[in-house]
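Listed below are the structures to be examined.
First subunit A sits with subunit B, and in the next complex the same chain sits with subunit C.
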Partner chain A sequence: MLILETKDLSKRYDGVAALDGLSLGIEAGAVTAVIGPNGSGKSTLVNVLSGVAPKTGGRIAVSGVALGRITASDVAAYGITRTFQEVRLFNQMNVMENLLVVLTEKNVFGAILERHAEKHARRAEELLRKVNLWEKRSELAGGLSYGQRKLLEIARALASGADIYLFDEPFAGLFPEMVKIVEGVLVELRREGKTVVLIEHNMDLIRALADRVVVLDGGKLLAEGATAATLGRREVLEAYLGE
Partner chain B sequence: MSILPQLIANSLIAAGTYALIALGFNLIYAATKFFNLAHGAMATAGGYAAFFLLQSFVGINVVLAAALGVLFAGLLGWALDRAVYRELRKRKASNTVLLVASLGVFTVIQAVIAMIFTSQFQTLSGGAADSVYQIGGAAVTETQVIMIAAAVAIAAGLGLLLKKTLLGKEVRAVSDDEEVAKIVGINTERVIGWVFFIGSAIAGLGGILVGFDTGLQPTMGMSLLLRGVIASIVGGVGTVYGAAAGALLLGFVENFGIWKISGEWKDAIAFSLLIVFLVFRPQGIFKR
Partner chain C sequence: MDYFIHLAILFAIYGILGLSLNLVVGYTGLLSVAEAAFYGVGAYVTALLLVNAGWNFFAAMGVAVIASAAVALVIGLVLSRFGGDYYALASLGFGVIIYSIFLNWQAVTNGPLGIPAIPRPDFFGYVIGDEASYLVMSLVFLLLVYVVSRFIVRSSFGRAIRAIREDEAAIQVFGYRAINYKLLIFVIGAGIAAIAGALYASYITYIDPSTFSVNESIFVLAIVILGGLASLRGSLFGAAFLVLLPELLRFVGFPDTIAAQMRQAVYGVLLVVLMLYRPEGLTGEYRL
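Our next item is the complex of A and B:
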């Protein structure tokens, strides 16, 4: 079943097409890697799907429901969350607060009284232990190392409890032990039946983690399908993998 | 008798007034990243709302009239955000556009107040004369004591609100990265609405206390705004403690600056302080 679909999706920046009539489908409950050379439109695709950049044309459907437009304010309600290539945290807050602000109920009185604080604190602890940041819980997010910031952003995405996770290069710049943590997170998300869209350059990681691959070129779809078969296609090998 | 205790008292009173403007101004700036010049008009509106109630309903409790004035200023700020700024944000208006719009809003509110209440100077009074206390050699009125106490209590309260409540965390999240705040499911428009309500209500309280202390005029908002903005910039734009520290410094520099010279130099001293900070420490005392 397709949980995310695009049809003739386009995004232009000052007349330059970053996405050019892109039609593709993302399978529910699978890890789909999006690959392609720099400038092929991978990050733009994630930006459009998460409402960060408004589409110029085409259609997007989530769980079969066509959306006229998608804005950053809508994505949480559609069960979508994301991380960024350049990590974006709430730097004024400590590590724990970065998760609590996502976990706590968001109604008028809950906002003042912050109810169910214990339950949320337990969930935050669980997530911080998962990404090995529990010891850093009282430190300001802005003061963490690059890798720790990436891990915290991933934990924050997990805190949202979304169905669809858009990860923009989550492994980039991580130490090997941190890569293992993120691998574990992705495996667990798949086991839980969540949908993951993963922008990644490392082919070994893609072969190990992705069920499907979408290959972009110049904002267009070059190939899509099961990982091994798609990566083995001649045009993909020749043009993008250098193999 | 030494003039020093009175100068210190005057400095603290001025600091209290400026803090009541700067605290709300900084809170709104933190969430929206624009200079809301209409903030000065919230102080005027609060003062005149209390004045209207005290004039219209003889015998009304002064505290109740003041509380309703504060509520009115808060609701006015919230309504302005919904009607004007939110619409501009939807249209992706730049901060310059928002600033110009806020100047327009300020002018309209000031003109409406002048039309309803005339441009005459009005006194805000609860009936009884303001008690005067002698504290450490300085004469201080009851209103001025309330002003200083309110500024301290509100600064501490806002600090707690931002640190300890979900709303506070949401405000800090919006302040850090509004787009990401939206993506993680924070209703940023609701948060900004709250910020306008709280910030404007604090300014309204400032206007009411100034009304009791020195009286009301439709144009009073501009001088309050200017002092509030200077205090914000000096203390650090967008921070609660910055607003309080900036107000304190401004109050003392202004009042001690005119120790040996004419009081007419007060404005020049205030703006000199601003220029010194803009040149040598543009981030203010507390950097965000």
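Our next item is the complex of A and C:
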């Protein structure tokens, strides 16, 4: 079953097409890797799907429901969350608060009356332990190492409780033991039936983790399908792997 | 002694203004230069209701708070679409517009001549006429504003506005409508500023537009930055420091002819030195 579909999706920046009539489907409960050369539109796709950048044409549907002209805060209501290629944390807030802010009341009037919430603190602790940052809970997010910042951003995405996770290069620049943690997160999400869209360059990780692969080139769909079969296709090898 | 009480009352008024502006600038990261406008709306509405309609001071202050919040709601609907430098510029524009309304809407505000003979508050028959009682009342309002501000910044709302300051686009990914948060904190800040305006009008018993110019907004901004962004205690500290500084400078003994100008220069030098060596302010943790 497709949980996320795009039809003729386009995004232009000053006349340059970053996405050019892209039609694809993301399977529910699977890990889908999005690959393609630099500038092929991978990050733009995540920005448009998450509402951070408005699309300039085409359609996006979540579980068959079309998303109109909506903003990032609306997209969250459809159970979509994301991480950023360049990590974006709330730097001058501590690690714990970076998660609490995602867990607590979003309504502006509800939030002003909400004070202490034990259940949110417990959930935040659980997530911080999962990514090995519990000991750092009182430190400012901006003071963490690069890898720790990436892990915190992943924990923050998990805190949203979304059904669809868009991860933009979550493994880039991580030490091996941190790669293991992120792998564990992805495996667990799939086991829980969540949908993961993963932008990644490392073919070994893709072969190990992804059920399906979507290949972009120049903002267009080059190929999509099961991982092994798609990666073996001649046009994919030529365009992306240069083999 | 009276003079010390006078300074302490000014401290209470500027402390309230500092707390109000810190919610917007320090906690939410919105560089508003319109503070004097809401201070002025509070002062004018209170003065007009006391002088023309013979209202009770506290009722007039309540209406002033609502009026200021309503003006902020209208302005904020436009302002909240902006961020960063554009926010500062647009708020400056609104500050100038409201100042020129004070100056030119003569039928209501009496223009540059101002409104004289504003009565002191009447508390169930007891007129808060002497300076000592006025100080106690001002400090009670300062405490009240402090407690309300602390309640706000320690709530989930308080955490969310700090996240907006850090990265407005990122917080929206998690379902927050940042514009609502920016609007509400701006409206709350304006309401609080009106309390300071009411206290000022009834204390000095005379107001004119010159008190509510952009210079005043910048003075309050200096209180917030000097005391420390996102630090409530810092705002009180900043208010105390900047209210007392001119008095301290008296002892330096500048010649009378240049004393006033020298004080302005000392303010400027202080701010520059602070930005160079302690950009988070004296007690704050955050930088602009």
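Observations, loosely collected:
Convention: the second predicted complex is superposed on the first by the 231 of 243 C-alpha atoms of A that agree within 3 Å, B and C clash if a C-alpha of one lies under 4 Å from a C-alpha of the other, contacts with A are read in each partner's own complex, and residues count from 1 in each chain.
Rule of thumb we're sticking to: a contact is a pair of C-beta atoms (placed from the backbone, for glycine too) under 8 Å apart; a residue touches a chain by one contact, two chains touch by 3 or more.
Only a predicted model underlies this, so the values are computations on that prediction, with no experimental measurement involved.
On the shared subunit subunit A, the superposed partners subunit B and subunit C overlap sterically. Contacts of A:92 after superposition on the shared chain: both subunit B and subunit C are touched. After overlaying the two complexes on the shared chain, residue contacts for A:76 are found with subunit B and with subunit C alike. Legend: residue contacts after superposition of the two complexes on their common chain; A:100 is shown touching both subunit B and subunit C. Within the superposed three-chain model, A:145 lies out of touch with both subunit B and subunit C [touch as defined at top]. Common to the subunit B and subunit C contact sets on subunit A are residues 50-52, 71-73, 75-77, 81-82, 84, 88-93, 97, 100-102, 104-106, 108, 110-114, 156, 160. For subunit C in complex with subunit A, the residues that touch the partner chain are 152, 154-157, 159-160, 162-163, 165-167, 169-178, 180-181, 184, 285-287.
Residue ranges of subunit B in contact with subunit A, taken from their complex: 164-167, 169-170, 172-173, 175-177, 179-190, 194, 288.
Contact residues of subunit A toward subunit B in the complex are 50-52, 71-73, 75-77, 81-82, 84, 88-93, 97, 100-102, 104-106, 108, 110-114, 156, 159-160. Per the touch definition, subunit A reaches subunit C in the complex via residues 50-52, 71-73, 75-77, 81-82, 84, 88-93, 97, 100-102, 104-106, 108, 110-115, 117, 156, 160.
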